[in-house]
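Below you'll find the structures, each written out as structure tokens.
Okay, so chain A shows up in both of these, paired with chain B first and chain C after.
Right after this comes the complex of A and B.
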């Protein structure tokens, strides 16, 4: 039972981390709470379903096409709707939630409210210490690791990363130092959306694809990001595993209360915030975030 | 600003004035039928598709003949959007009646929406054929206020009481197969049910009934109805090594569950309710991982419940590319209405009601007949609700077998006779239930069952863990199962104590009644708490558990406050001019009467004075 518990926490935490990192990145750099983040995840999941099952493309082409198109949609949405009002945080909240609902309704119109599935990339399971874990879950865990390494490498080892970090620290000073802040924010939005899209194509085969699939992860991702510290990628990853730990504990210890797992996860977030209002790795002052 | 406001309100006034004039004029020789449903969702799509098929069939055959005139059916799509917006559903129906001038309505899906929608229809005296909302309470309104709700009938599905009865019949078949094929005499069952109101009673009843059916409940898991991941639940279930997973799902979690269960190849038989598994898209949605999912359904491909079923199923599939779900029974609703209108010779609702009440129509899922106004018990047998049982509506158990949804229940060799008829039959086209290879392998490789040593009785020599009720004033006490919950609202004179099992029955009621005889005391006590038709059976003298006190006991049949046929074990001891009566009541439809268990509880009555 204990092995089952540990493995379940690792697998669930990995999936959550993948979703949370992009959300955290865009807040860390643009101070923008993008409520449409999981809607991009939903779009990519539909893209994967549409390309592979309706257009009949192979899985790799479907994945690439879904990620690219979703990222382009996100970047275009940012440029058209958000860029000019990004200083007004409440307006950004309203516009991003409206965007998410527009995407939801578009999917409803295009595909109806039917439940769909994106195809599994690798079918089957692996038994670890007597516990069955699907290959798709292991794949998502592997992708989390690769994506996190890539994000860290970009942020710490490239000029673009330096520009992003400079913008995250102080956009005004970064602008005075010759960094095109608008362009950096656009690129950051693209990276964040691409991360959401990667989550979509990797996680969608594990879940069910339907127009409202973005709502539940949005609450969970926000809890993770707030718990880990807004804008801290490290915090998001650790927050994801804490939330997964709490959820799995609820399912294993109170099976009849399994539906409360999100509520307990939110309760854990509240408790941590009471003790540490900035979150686990959040900063109150404008200092190094990454 | 004032000008803008003035213009705005003027426009509003003009719209309000002219809107009634925009109402569609009533066309000659046309019967307008409002098809009500959430049209963006599969339930509404099937409402519409079923009704369209029926309308085309009727019109192609010359329409509806009233007197010497032929009328054409014209469907009006009434998008209630009730899955997302319950509040707006009633407005959609009102518009259909006042603007589109529909003659009657068919459809509905969510109980919460069918309440207000049918209320609007009743206000206008329009017949509303419910094709989607199961809840018996909707139909109970016909019994409570016939004048208002007489226009409300249910075509499908049968109500939740029959749903759970059928569910247990399917589970019993699985248990019997496990016994016959693998020698598993006491199957272990994991219950997994979404956390929604309708599933509460199902879970409580399963917990109460499964041990009585010779099964062991290893645990209950309650994920959210929209859970996107249940691997944690499945991992925890797998660790308990059950033989059966008993499902209760109506939401998308049903797909997540089936998909992940299949992916993880958990060696079990999965049986129960999973609404998503009734749909053709289920196979695609689970990527084929939902194989062997065994669920209660209305239709199955190739299974002929009547001579109309197969043709209807195939034509529906040809037109829509989907299997018909139960809301597609708008087809039956409309065709039966054609027959009823022709028989009544009018579209007048009041004239049609008695004709519909008497009607018997061979539909696509069985014979359609409605429970009469003098039904013996409502619920479950409420007036104008569709009749349940062999010869009427039974439902069909379906299983996904390699991409095809096959009918596997009822099955002649696993049937029995009950209050509703003889279930030892099967419909043409029914096939054998298949068990997943991983489950077969697991069951065959399991070591032979060893008779478990008898469980140590709980303290006090009782077969149940007990709580105690003490009445210090009258000097007596008694024990009852600890998990039964006391309900003080029921403790009104002459009742001094009342408690009920979480499954709602059995209940225990302790009464202090002034009466000459035991029978009079039982009738007065049970009657005062709202029961009726109380018939006290043969009385017998017994001795209480204290070994000394003599008491009178009898089996009592009655009609409970909820209208069910109740069975009671009653026991009484006379103290002076008063009788101390203990009554343990059940509704056999939900939990069977068990005299040994009930008398064990009742005889714990102990006097200290």
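Right after this comes the complex of A and C.
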């Protein structure tokens, strides 16, 4: 019971962490609330389902194909729809909602409203203290950890990472220092979408795949990002595990928990924000006067 | 006295094309039942009227104070459920339940405001998102009182006939929109709220430094926004005769944003145009149900790409030109300002 609980928290938290880091990254760099973020996660999950079941590709190539295609779609839609109206922030918000709706409807048209599942990559399970942990869960956890470490390394250890962080701090000054800001934004969008796609691929065998699967993770991700502090990667990861813990606790302990898990997770967010208005690890930006 | 009124009317309404269009629009709205009494058309327009109140109240709260609210459905849903429960369990009639529902929604607005006062920008948006969803969880967890997934059904009708329903919605809509427009009018000599809300949006710290109690005005914005959204919610519940979980849905909150931003944020009339354009369009698209939302989203994206400030603002900028010297609006074909004679080019 307890071990199953821990595994559940770790897997859910890991997936949320990947999603939240991407969301936080694009917010921090482009100051844009991307409501289509989890739509890319949904697209990748469908890509996984489509490639492995309907095209019959082997797991590795279907993983790579879904991630690459989703990232390309994300970058292209950023370039075409968002780049040119970037200064109208609320309009950008609206366009991202509309984009998410478009993706949802396209998937609905292509695959119908059925609940789908992708095949597991490796079958079998491992018994730890009498609890079955499927290899799939362990694999997902492993992928999440590796990807998070990669992101951290890119951001802190490479020239590109320095450019991204500089743009996040002050786009204008970054531009003056010779950083091509609009290219950095495009690359950041690509990284964020790739993170969403990786989490989509990871959960495709574990969760059900259906066209509306982007909506509830979106709310969770926003809660996590706010709780951890907008733009803070560390905060997003820790926030993801807090929210996953609350969610799983509620499902395990409270009757009618499945209805209330979202409510409790959001309540946790509101309480933390009332105590610390800038989130756990957020920094208060100087009032930005545009 | 009468001549003065006529003169004001000529100067303030007839000379400004935007206001002239608004006048014609409201006249048509009230004369429409003379042309058609088809129940389906009336039904669509009644919904449009209700959602106009909802969208305009979002614009009032979010556009004018810059407190972008992702959870506007909270007010709508709270009022709808309150009205439904009062009607179902106590037996109050719509004329009582709708205002009481709206007042409870004001309470919800003030409650939502408590964390909101400490937060700014995106933090505020994402926190407001949480409230209707928390309430939605509670509603679904206690199906005995709230009806769970199905909601509270079988409420009293708004009135006996569809035409009366239509006039009720149209009158309430006109009055609400007028009040909110007046409250946000920055040039009004009567109420100062308009210019103060503008000041808070542009620069909150500077507003506070000028001696404005910004907290009081933010509270006021939440209360007024909540009140009118609540009126819309109550009307909706009694017209549909059901208050269900869809009134608290995330999509409804997003709808308010879609309508308003599509028409033009920070303009009140933008929200009216947005609803009257998009809501009938959505109904019309029912002829192709499987492509409906896709086409809707595509239209929204394409129009916003070319008119990022919203369709109503775009049209206004085409047909009106502000005088560079005295800031008075002029018809687009004039070469000199109608009041001070300055060149408009």
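Assume the second predicted complex is superposed on the first by the 275 of 290 C-alpha atoms of A that agree within 3 Å, B and C clash if a C-alpha of one lies under 4 Å from a C-alpha of the other, contacts with A are read in each partner's own complex, and residues count from 1 in each chain.
The criterion applied here is as follows: a contact is a pair of C-beta atoms (placed from the backbone, for glycine too) under 8 Å apart; a residue touches a chain by one contact, two chains touch by 3 or more.
Source: prediction; values computed, not measured.
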Open item on the list: Please determine, from the superposition on chain A, whether chain B and chain C clash or fit.
Closed with: fit
Open item on the list: Per the contact definition in the header, classify A:210: touching chain B only (first), chain C only (second), both, or neither.
Closed with: first
Open item on the list: Just checking: does A:177 make contact with chain B only, chain C only, both, or neither of them? Give me first, second, both or neither.
Closed with: neither
- [ ] Examine A:150 and indicate which partner it touches, taking first as chain B and second as chain C; both and neither are also allowed.
- [x] neither
TODO: Applying the touch criterion given at the start, work out whether A:278 contacts chain B, chain C, both or neither, answering first, second, both or neither.
DONE: second
Task: Cα-centre angle that chain B and chain C span when viewed from chain A, reported as a multiple of 10 degrees - done: 70
Task: Partner chain in contact with A:223 - chain B first, chain C second, else both or neither - done: second
Open item on the list: By the touch definition at the top of the document, which applies to A:116: first (chain B), second (chain C), both, or neither?
Closed with: first
- [ ] Once the structures are superposed on A, label A:60 by its partner contacts, choosing first (chain B), second (chain C), both or neither.
- [x] neither
Open item on the list: One more residue to check, A:76. First (chain B), second (chain C), both or neither?
Closed with: neither
- [ ] Name the contact category of A:259: first (chain B only), second (chain C only), both, or neither.
- [x] both
Task: Least C-alpha distance (whole Å) that remains between chain C and chain B when both complexes are overlaid - done: 5
TODO: Report, in rising order, the residues of chain A that make contact with chain B in one complex and with chain C in the other.
DONE: 108, 256, 259, 261-262
Open item on the list: List the residues on chain A that touch chain B in their complex, please.
Closed with: 1, 4, 7-8, 11-12, 15, 53, 108, 112-117, 119-120, 123-125, 131-132, 134, 136-137, 205-208, 210, 212-213, 216-217, 247-248, 251-252, 255-259, 261-262
Task: chain A contact footprint on chain B (complex, rising order) - done: 40-42, 45, 83, 194-195, 219-224, 226-229, 231-233, 235-236, 238-239, 252, 255-256, 259-260, 263-266, 276, 281, 284-287
Task: Touching residues on chain C, where the partner in the complex is chain A - done: 68, 114-115, 118-120, 122-123, 125-127, 129-131, 133-138, 140-141, 203-205, 250, 254, 257-258, 261-262, 265, 290-291, 293-294, 296-298, 300-301, 304-305, 308-310
Open item on the list: Considering only the defined contacts, which chain A positions touch chain C in the complex?
Closed with: 27, 33, 81, 84-85, 88, 90-91, 93-95, 97-99, 101-102, 104-106, 108-109, 215, 219, 222-223, 225-226, 230, 256, 259-264, 266-267, 269-270, 273-274, 277-279, 287, 289
